[in-house]
Each structure stands twice: as C-alpha cells, then as structure tokens.
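Naming follows writing order (A, B, C and D), and every chain is counted from residue 1.
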Amino acid sequence: METKRFYQQRLDEWVEESRKQAYKGRVAEYIPGLAAAPQHALGIALWGTDGQFFQSGDTDLHFTMQSISKVFSLLLALMDSGEKSVFQKVGMEPTGDDFNSILKLELVDPGKPFNPFINAGAIVIASLIQGDGPDEKSERLLQFIRHLAHDNRLDYNEAVYESERETAHRNRSIAYYLKDNGVLEDDVEETLEVYFRQCSIVVNCKQLAHMALVLASDGVDPVTKQQVIPRRYVQIAKSFMVTCGMYNASGEFAIEVGLPAKSGVSGGILSVVPGKWGIGIIGPALNSKGNSVAGVQLLRHLSQDWDWSIF
Amino acid sequence: METKRFYQQRLDEWVEESRKQAYKGRVAEYIPGLAAAPQHALGIALWGTDGQFFQSGDTDLHFTMQSISKVFSLLLALMDSGEKSVFQKVGMEPTGDDFNSILKLELVDPGKPFNPFINAGAIVIASLIQGDGPDEKSERLLQFIRHLAHDNRLDYNEAVYESERETAHRNRSIAYYLKDNGVLEDDVEETLEVYFRQCSIVVNCKQLAHMALVLASDGVDPVTKQQVIPRRYVQIAKSFMVTCGMYNASGEFAIEVGLPAKSGVSGGILSVVPGKWGIGIIGPALNSKGNSVAGVQLLRHLSQDWDWSIF
Amino acid sequence: METKRFYQQRLDEWVEESRKQAYKGRVAEYIPGLAAAPQHALGIALWGTDGQFFQSGDTDLHFTMQSISKVFSLLLALMDSGEKSVFQKVGMEPTGDDFNSILKLELVDPGKPFNPFINAGAIVIASLIQGDGPDEKSERLLQFIRHLAHDNRLDYNEAVYESERETAHRNRSIAYYLKDNGVLEDDVEETLEVYFRQCSIVVNCKQLAHMALVLASDGVDPVTKQQVIPRRYVQIAKSFMVTCGMYNASGEFAIEVGLPAKSGVSGGILSVVPGKWGIGIIGPALNSKGNSVAGVQLLRHLSQDWDWSIF
Amino acid sequence: METKRFYQQRLDEWVEESRKQAYKGRVAEYIPGLAAAPQHALGIALWGTDGQFFQSGDTDLHFTMQSISKVFSLLLALMDSGEKSVFQKVGMEPTGDDFNSILKLELVDPGKPFNPFINAGAIVIASLIQGDGPDEKSERLLQFIRHLAHDNRLDYNEAVYESERETAHRNRSIAYYLKDNGVLEDDVEETLEVYFRQCSIVVNCKQLAHMALVLASDGVDPVTKQQVIPRRYVQIAKSFMVTCGMYNASGEFAIEVGLPAKSGVSGGILSVVPGKWGIGIIGPALNSKGNSVAGVQLLRHLSQDWDWSIF
C-alpha cells in the first residue's frame, strides 16, 4: 500500500533528480528583479482536491507571476465581458511563433492576436478587464488572484513592475500595432500598466498550487465549496493551457507531460491534474523556449510515474 | 432513465439539426473525386468501448481518408522506427499556418516540419514507414488500417489517387524543400506515392469509428483484447489530435468540442472520447479552415450535451 | 528646331493627358489634412541646370512633403554624422515589403531597417540629425529644406502634424520595435516628433523642383554655385531614389521611367534628370502602391518622349 | 596625359590590391564543379565601345555563367514573347529576400516571382523562351549568348549541368510552387533543364566583357554595328541589373559602385559602364551575399577612381 510517506519520498527524489538539470538552463536576465533568482532552486507544491498537501524543495522562494498571470486575466476578462466579447478581440489558435512575435499581426487578417497567452493576446485581454482606469482594473485582478490563492497578502514587486515598464519596448510595439489594427481600443500606456502590474504579482509555489487547485476543481473553491469561476471558463482556460500554455513548446509538453499548464519567465509553472491536483512549481533556470528546465523535467517524471497525462 | 432509444433519438435530432449548416460550407473541388460528394450529406457512427454501437444519417457514404490517414501513418511510423527517430525528423508543435504552408520550412531552423499533421510532416512520416519501396510501405499501412477497421475489404480509390498524383504540385514543392533541407532522405516521388496512396483509402464512417475505438481503448482491440498499438503511441497521437488535428482551427475545436480529432478534406472526421467512444463522421461541405461544417457542429452539440470535453 | 514654346506645348499636352488617369487613384484619407486634396489636380514644375524653367497645371497647389522629406533628412543625417554612422543603423537594400511593414525587423538579423526610405529607416534617420532635442533637430531640417527650396517661408502644416501624431500608431509600433532592437537610441516620442514634423512641411511643386535641381546639379546650388551638399551624399540619395524611392513600385518605376525619384502619400513626387532637370510634381490621387497615378503617368510620358532614362 | 599604359598599370594595381580580399570569402561548394575553383583567382576584362581592350589577372580562367545567364535568358524571352507577356508572369521589384527564397510566393498575391533575377523568376523566364522542347530552347539561348560573346565555341560544362540537376531540390521546390500557383505553365523538369543548361555555360571574363559591351552599346554589336537587341530591352535589363543584379546586396552595390551588374555563384560578374565599357570579372571566393568578394572590391576601386557611377 502506498502511503503519504511513500509519495513524499518519491517527490523528494524527483525534485533532487530534476534539480540537476538546472545547470542546462539560464535565468532570465533582462531585468534585475529576475536576474537575481537562484539558478539551482527548485520547489513544488501540490494541493489535492481531497485536501491533501505535498511540498518539496524551495517552496518558500518568492517570484513574480509573469506570464502565469495570463491565465487569471483571461478568466477575469471572461467573467467580466463574456466569451463572445473576448473572442471578438482574441483568437483561439496556437501560433508556432515566439510569444513576443509581431509577424502574424501583420500577415494574418484581421490582425488580432492568435490567442490570449502570447503577449499580444494578453495585452488585449488586460484591456477587457472591467474597471475605471488601470488602477481599478489592476486592483480587481489582484483581488481575484488573492482570492484564488487564499492569501490576502499577495502584492506587487514594485521594482519588477518599474523595470518592466521601462524596458518593455517590444510590448509597447505590439500594443501600438494592435491599436493601429483597431483591436486594442483602450489607451496603450494604461493597458500596459495593467499588464505589467499583473506580471509583477509575487507568489510562492504553494500559493500557485492553491490557485491551480481551483482550476483542478472546475472552478469550485475547495474550502468554501463555492463556484468562484464558472466551469465553462475553467474549461476554456485549461484548453488554452494545453494548446498554448508552455510558449511554443506546448505541443512537446502535451506529449511529454500531458497536463494543462502555464509557465512564466521567472521560472514558475502552474499546472493542473484535472479533478485531482493543483500544482505550483518554481525553477528559475529556463530552457531555450522560456520554460523552467528543472520544472518541466520534474513534471515529466511525475506525470509518467503517476500516470497523470490527460491523453 | 436514459435508454438506448433516448440516445438514438437525440443523435438523430442533432444530425438533422447540424445538417442544416452544410449549406454554409463548400465541398472540396480541386479533384473530381472529391467534387462529386453530396453537399448536404452528414453521417455519424459511434462505437463504445463497452460494445454499444450507434449510427445516424449517411453512414453508408464512402469517402477517402485524406488527412485522417495521417494519424495512422504516424502510429505505424512510431511502431516501425520508435519515438526518437520520428521526432528527429518531425517536430511536436502546432504552426498557426495553413496545412500546406511552406513558410516555416524556410524561416525556422532547422527546417523540419513542425508536426506530423501538416502536409510537410505527413510526407516525412510516410518516408519513415518501413518497407522495401513505396508499394510495400503502402501495403503495410493499408493492412494496418484494415486491421483497425476490422474490415479487409478497405482499398484505394484509384481515380482519387491518380488525380492527387497529377495535381499535387504544392506537395511536390514541399517534398523537394524537405529534401533540400536534408529532412526527407528518401526519393521524393516514391515518398509522395505512399502519401497519395494513404490519402486515397476509402472508408465509411462506421469503419472510421472502429479505428477510433482502438484509440479510445488506449490501443487495445476491443474484440480480441489485444494491444495492437502501444499505449504510449496512442497517447502521442491523441496529443497531436488535440493540438493540431483540425488544421489551424484546432485551438477553437479544443475549446468548443474538447476531443482528440482529425479531419480530412473529404469531410471526414475521426474523433475519440477517451475510454468511451470511437467516432466516425462524414459531412463533405467544408468551412474556410478545411473542416466539415456540419460535422464540427454535430460534435459541438454532442460534446456539450453529453459532457465529453477532456478539459 | 525645338523651341521653348514647343516644349511648353508638349508639357501642357502631357499634363492634360495624364490628368485623365487621376480617376483611377484614390486620395489618401487617413487624416483630414490629406483627404481634402483635389482628386484631379496635377501640376509639374521643372528647373533646368541651365536656368530654364517650365511649369504646367496646378503648380500653386500646396501639399505636405510626407515621405519626400526622407530624402532630405537622409542628406542632413549624412552631413551631420557621416556615411559610416548612418549605415551602422540603416541598411542599403530595398525590401519588397510595404513601406510600413515590420516583418523584416523581426525576421532579418540584426533587425535594423533595410533602407532609409521605409518608415522604419526614416525614423532612425530622424534620430541621427544633430540637435539639442526635437525642436532643434526639426528646425535644422526645416532650414536645410528652405535653403534648398530658396524660400524661407516654407513651414509646417500644424493640423497635419497634429493628426499624424495622434493617429500614427503603426509608426509608434515600428519605433518601439527599433528601440527594442537597440537600433533607435533616442527617445521614441522625441524622434517621432522630428519625423512627423518633417512630413508636415508644406511645399508646392515649384519649390520641390528647386530642391530637386540641387540634386540634379550634384549638390551645387545653381544660383550661388556653392556646393551645399557633398556630391557623394547626393550620389547616395539618388541611388536610394532609384532602388527604393517609389515604395515597392520602385523596380517598375526604374523600368518605366528610369529616373531617381521620391514620392509621398500627399501625391507629390520629386524627381531628378541628372545634370539637367529638377522636377516637382503634385497629383493627389494615389495608386495601390501609394504613388501619384497621374504623376507617374506624366513622368512616364516625359521620360520616354524626351529620352530621360538613366538606363 | 593619361595613356593606355597608365590605365593598364592602375588596373594591374587594383587587381592585386583587390585579390587580397579573396581570403575573406568562400568558394561555393555545393557541387564539385564549383568547389574546385581557385580561391584567390581574380581576373578582369574590359571592352570599350571605342574598341579599346584591357585585361588583367586570371582572364583565361573558365567558369560557368550561373546566374549571370539570367540577364540573357530575360533578353531572349523579351525578344521572343514581348514585354507584356513576360511581365504577366514575372514582376519588376527587388525582394529583400535570398535569391532562392520561397516566402513571397506564398505571402504575396498572386504568387508570381518578384523579378527575373531571383531563381523563381529565372525559372519562369526559362519557360518563356520559344522553342520546341527544352533542347531547342537551350540551343537558342546558347546561340544567342555565343553571338553576343562573338565566340561560337562556347558550350556547356556537362559535369556542372549534371550536378545541378541532381542536387537542385530547392529549385525543384520553387518550380513546383510556381506550377501550383499557375505561374509556370510548362513541364517542371523540362523547364528546369533549360535553366540548369543556361547556368552551366562556360565562359571566361573576356567573353563576358564582350557580352557586356553589347549592353553598354544599347544593344548594338560594336563590330557589325547591327542592333542585335532592341534598345528598350537592354534598358529593361540594365534596370534590373541595378535594382536586383547583385542578389540582396544590390542596393549596397548601387551605392558603392553604381553600375548595372549581374553576379553568379561561380564568382563571375558582368558589368556595364553605359556607353563606355563592357566588363567581365571572375573571382571565385564569395561574400555572405553570394557575390565575388574581390570582384566587388575591384569594381568599387575602379568606379570610384574613374568616376563610373551612373548616380
């Protein structure tokens, strides 16, 4: 009989095994707030829909959500504006291009972002969150994320926010292109403010796992048993997490791991074993596609060992 | 209590409801063998892993497998050459481009096809099937497909094969590009022969449903209980069917239907409700992305009504 | 013997003949200041290096220089910073893409503009003009253009300037992309201010012809006999005018007309018959490539009739 | 007073000076017939319209015409089919892409080659030469080139022809793409046979200079005084030589040298000083753009020293 101790032991082993891969990756260096992250850190937390909790490795390491926040801005935009409004502005297809590519905005009519997880899409999504100005929009998204994480202390890393805002010329370029295409209707700088704010929210992997747990439970808060996100929107989010969640290594991740997931440039990964586990991971060293080297390796081991793939 | 009769009645209703959408699409016309298909036909067959069988609409209509065959050439190539060899030559990512696009072969190093379901990928896969020359390769794939369909009478539509061979200049262009990139090692014309042959295999949707049933059963033949395809390869196939199976409407299909599926230009769709149903559909009128208009509509209704989405 | 009267008569005939083509084109409408231009206007002025002067048609019509100003910002940047500095930041090749395309900035390393006449290139060039801030840069360019036009009254159309500044999201997108690529070092908004200012300088075709005359004279002011632009820089400018001066119809223009020329979206064309004539044209109705329909037709007639092609 | 001896001495100096650059380049190696060329060879011949003749360096080195032949296939196609027919099938614009790029055939409607000097364009041009089958077409082009070179011994390098035919998968890919686009009407293999044949014609730089002399004389054979090519077609050829003759370094060449020219992968360059000189050059070591390193350097020196630029 496999007991909790057995699982913990296996988890610890996989963490140490996977951590060895970190030397193959590189910590993102484009802003100081990211460059300072420890190359060989690796941490994982798992919240079960049945109340179980596991953790291993560097689970107290704090990091910014970065692109992981795109899952939650999408969900909030869907809850705020509905499916129809959202998909008038953003498509549903993976691109095969880099997350910050501008090619398809020029090449493919009508020049709307292919999906909400590339930067172009996430910028448009940020504009679809309801609120009177960027502060209110940001505040609403922060509250939503705090709620899912069950932690009201979650806040921004102001230094990261400032750095992003100062250096994000590519995102500005994308946003003005979207404005020119008529896809982005709001003010560019105000929209980017919301976007940079969401990227700079600080979490650890335990908090991430709790957010993931709500998705694993089809939108039901496992403590209060309330439906905090409509199940249909969770379904949409999980679909995107499979087809576009791991940048342009999403197809490979579907084959190797087979779980809905979303990664960020800080090395975080949020993943979902539907009906079972909410997972949060941090491993700052990234592979060439922008995903945590050790984190992906750890998920591969766990998924194959514990037969988690949805395929 | 929902009985078999109830299900049959609902199925018939959905078929007639969905058939109305066929006028919005266009039957493929690039070769005579496709252009002759009836615009408003719609048929569906479902084989259950528990032995149940349902059918409705034009289930006796015969059509060529076209791109649906890519699922089975991939499976046979994996069984013949193994995962590693296959993925040295073909990638795992959706492209966001048209199925017959050549752009990424020029733009993205090292110029190998992004996945096995775009034409470039399927052509390389055809070259990875074992056999002494195109005839033996084709024969082996035909036998494999007959085996999965439980019908030894399956054969080629020679007229379609000949038309494809004569008019497929774009596929020839792709194949020579792959040859130039060093990705395709075999002779171009011989490889294309295998590819055109597989596309011209004639099925009806009942046979398609039976093939799908094997995938729904993780590679186990439901009659003989034999593992005819290793489970891992079925997993790979289903992953690709989700991320790239419906051309560049795969993302939308994941959100709207949420099932592994592969479509063909003849209007056929093979789909899988994992653990439950193998589905075959025919509906010749295509939407702008190349998928059966009525077929996709029918799957959308069924998936939402019977809660089939894997997400 | 052909006399001045004979030439004048021919010129008048060609103007009226070419004016008929204007109905085939469309006046640019993206800002009010352009949309108001008279569709069927056509005017031409020619200054000879020997002091002759011809004019015909609507030569008093005022219009903004738009892209024609790119010739003079390039010349001033070369005079300010030298060949080497300029070509470290901007390439020398035609693109085959639209003037406001962003594709090659992403696709072709190192992401610098292909030439100084596409928008990306002209924006970088604007940053290479010497001056303490955008006002001084703009002032220096205005003075340079006034000097070449022999008219100190030349000034900006403030309404056009303001409209451009408000609506030019695509140019902003390009500028931020260049900033991200490290090609544009100056502040984006300040650089764009210089760029929008130069586009909004108001001229008529007589003034344009005088500027062209200096180029036809290899940089020598025909009145003062002073070398106001080094001959080498004039050579560079004329080369670009042949390879990239007429947007992506430059190759066709080289074959049909065979003269260095630069067009603008206001319908102006500045052209040079080396050693002989400086030409200014206005014809607001544009063809699909963005060049004056009647203006190009007129130059075709004149070049073929009077054997002007440099080829 | 500058005498012939003086010129010869300068020419010899420039040749030796330029030859030193050859180490920076690489001889083309994709077929044995090219790879065997001597890295440091450099030769130049100049025929004057006044009957003068100069030569220096390795003027007896034989090499295949390769892309230089595109000038003459264009001229013959124009003489055979007229301007209108030719430009229905091939455009007039430089591309900014590699000579063997396929991108714009997919991206830019209607998918016809941008100009006759990229491979796609030259393949279509080969199909527009009149003749009953590839042998007759090839024979007519060979006779045309022999006539211009004033040398009936010019012939094919059969080994190079065979190598090209066997390895030219990229050109086959392009040709089939053109066939699919409906731009190439003839049989692909027959058209490629004409194209590979023309590329394999062997010349030395004296013969090249004589061909160039006819272009420098606006189509008049300087010996017989006959108009062997209509002046208009020479004008067209020279225009293309300026805008697209040196692959995607044509813009730079226009600025640095300023002469109509066409290069080939064997290291040959044919250039024209209009009204004055026909120039043939061989220097097998190529720069990254595919042009003879030493050859371009030599032309730069000569053009600047003797003030040859047409700009």
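Methods note: contacts are C-beta pairs under 8 Å (C-beta built on N, C-alpha and C of every residue); 3 or more make two chains touch, one makes a residue touch a chain.
Owing to the predicted nature of the structure, the values given are computational and were not obtained by experimental measurement.
The minimum number of touch steps linking chain B to chain C comes to 2. The mean-CA centres of chain A and chain C are about 48 angstrom from one another, to the nearest whole unit. Inter-chain spacing, taken between the CA centroids of chain A and chain D, is 55 Å.
If you average the Cα atoms of chain A and of chain B, the two centres end up 32 Å apart. Within chain B, residues 107 each touch two or more of the remaining chains. Chain pairs that touch one another, listed by label: A-B, A-C, B-D, C-D. In the complex of the two chains, the chain B residues touching chain D come out as 101-103, 106-107, 169-170, 172-177, 179-180, 188. Listed in rising order, the residues of chain C touching chain D in the complex are 91-97, 104, 108, 114-115, 235-236, 238-240, 242-244, 248-252, 254-255, 258, 260, 274, 309-311.
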